[in-house]
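Please find the structures below.
Here come two complexes built around chain A, the first alongside chain B, the second alongside chain C.
Take a look at the complex of A and B:
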């Protein structure tokens, strides 16, 4: 099983456009992202706080739909999921 | 027409096409790269989500303000000072609906469509702070 992590704006500059990651049965969105970015000190610090939680301003989407930060701790990743992680939007 | 694209926009053509039956007012919003001591601006989008979200905003605005026609074209890529970033063309029977519909659309775009801007300066670049949907008005 694999999932795609997509990063945008400042997070993309730090972590790359997207990462294809293997998915272990039952792993949560939060744990998957934490594991995937843990080797990148700057990227990790941009997304996670000192307690390992998503920073308050981080926005997440699963397959194009918003997912609340607290829900990422108990939502398992499915095969083929696309998880987008980005800072507050600034279009217009 | 709802698009996220690199190419510039022919605003005169959009205005002409927006003159549908019943139109009494057309409001054009043209967001432009401002000279804030920058060289250029770079825009990126989560296009697969941004386009449906723009379509949803247009649908809501049309119903809420009784609009006759809506165009939203948001550009991405590198833009020079003075270039068009975002063009919104709204037609309605009367000016009140046209102004209010246009205002609704630009505020909704700023609040929730996944598009980002980076100001490129002589010394590097800086991301324009955005608004977080859970903390209206606050930035990262």
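Take a look at the complex of A and C:
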């Protein structure tokens, strides 16, 4: 089983555009993303806070549908899922 | 009624929208929050398209560091209020429209009044706290809000129609951290053009608006994509009062 993580904007600069990751049965979205980016210090710190939670402003989508931060901790990843991770930008 | 000069000036777009569409543009009032990277190109193109009344609000003064992207201002404007510089240029660009500058910081005490009874509000701001104020005013008054934001070579845009689409607080419940953001002028140019196109489409009632969709532009990849976005029923700003989970003091 695999899932695709897609990064946008600044996250893309730190982690690349897409990562294809193996999915363990029952792994949650939060755990999957955390383990996939844990080897990249800058990328990890951009996405996760010091407690290992998604930073509050991070927008997550699963197969094109928004998923709330709190739900990523109990939503299992399915084979073929596409998880998009997006930092909104603020400048003008 | 369009004058002979206006018929001539807008001849090529009357081919697109008809005289009726052009009349709609002429009768419209658009409020642009910000005369910076986004506000400059947006106001220029809305002015040349013939939007009858453009109000542009900004409290800043033109600085040298603005000039790589804020295309209404030039070296000789350094030290001038941005609204003065912008109004001066926009009136030259199209003397057949009315342009008004508001040299004020948008805050919660004045946002409703400043927005007034505009037909559309353009978010050309550079920070989320003020965006949230503008969003509340738009939702309260039922005025469409055309959102855009940029950083570096990245940008995002969406069109918010109160009561129909997600609002700013549904989309971005928490603001990204404040920073001195890197930017090259082409990015607000691109995102600003998407916003201005949305305003024109909305006013002339043409095309499919960027509603319920967040467009994400990646200039490094030369790639745009969109994500579908939905209303949050518990949104503290646009959700039904009985569903709201909190008062949303942040948004």
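Going forward, the second predicted complex is superposed on the first by the 88 of 92 C-alpha atoms of A that agree within 3 Å, B and C clash if a C-alpha of one lies under 4 Å from a C-alpha of the other, contacts with A are read in each partner's own complex, and residues count from 1 in each chain.
In this text, a contact is a pair of C-beta atoms (placed from the backbone, for glycine too) under 8 Å apart; a residue touches a chain by one contact, two chains touch by 3 or more.
All figures in this text were calculated on a predicted structure; none of them were measured in a lab.
Once the two complexes are overlaid on the shared chain, A:92 sits against chain B and chain C alike. Contacts of A:57 after superposition on the shared chain: both chain B and chain C are touched.
After overlaying the two complexes on the shared chain, residue contacts for A:26 are found with neither chain B nor chain C. In the superposition on chain A, no contact is made by A:39 with either chain B or chain C.
Look at A:8: by the touch rule set out above, it reaches both chain B and chain C. Comparing which residues of chain A touch chain B with which touch chain C, the overlap comprises 8-10, 12, 56-57, 59, 61, 64, 84, 86-92.
Partner chain A is touched in their complex by these residues of chain B: 31, 43-46, 48-50, 52, 74, 85-86, 106, 109-118, 127-135, 139-140. Against chain A, the residues of chain C that register as touching in their complex are 34, 36-39, 123-128, 148-152, 154-156, 171-179, 181, 183, 188, 216, 218, 220-221, 227-230. Those residues of chain A that touch chain B in the complex are listed here as 6, 8-10, 12, 55-57, 59, 61, 64, 84, 86-92.
Within the complex formed with chain C, the residues of chain A that make contact are 8-10, 12-13, 17, 56-57, 59, 61, 64-66, 84, 86-92.
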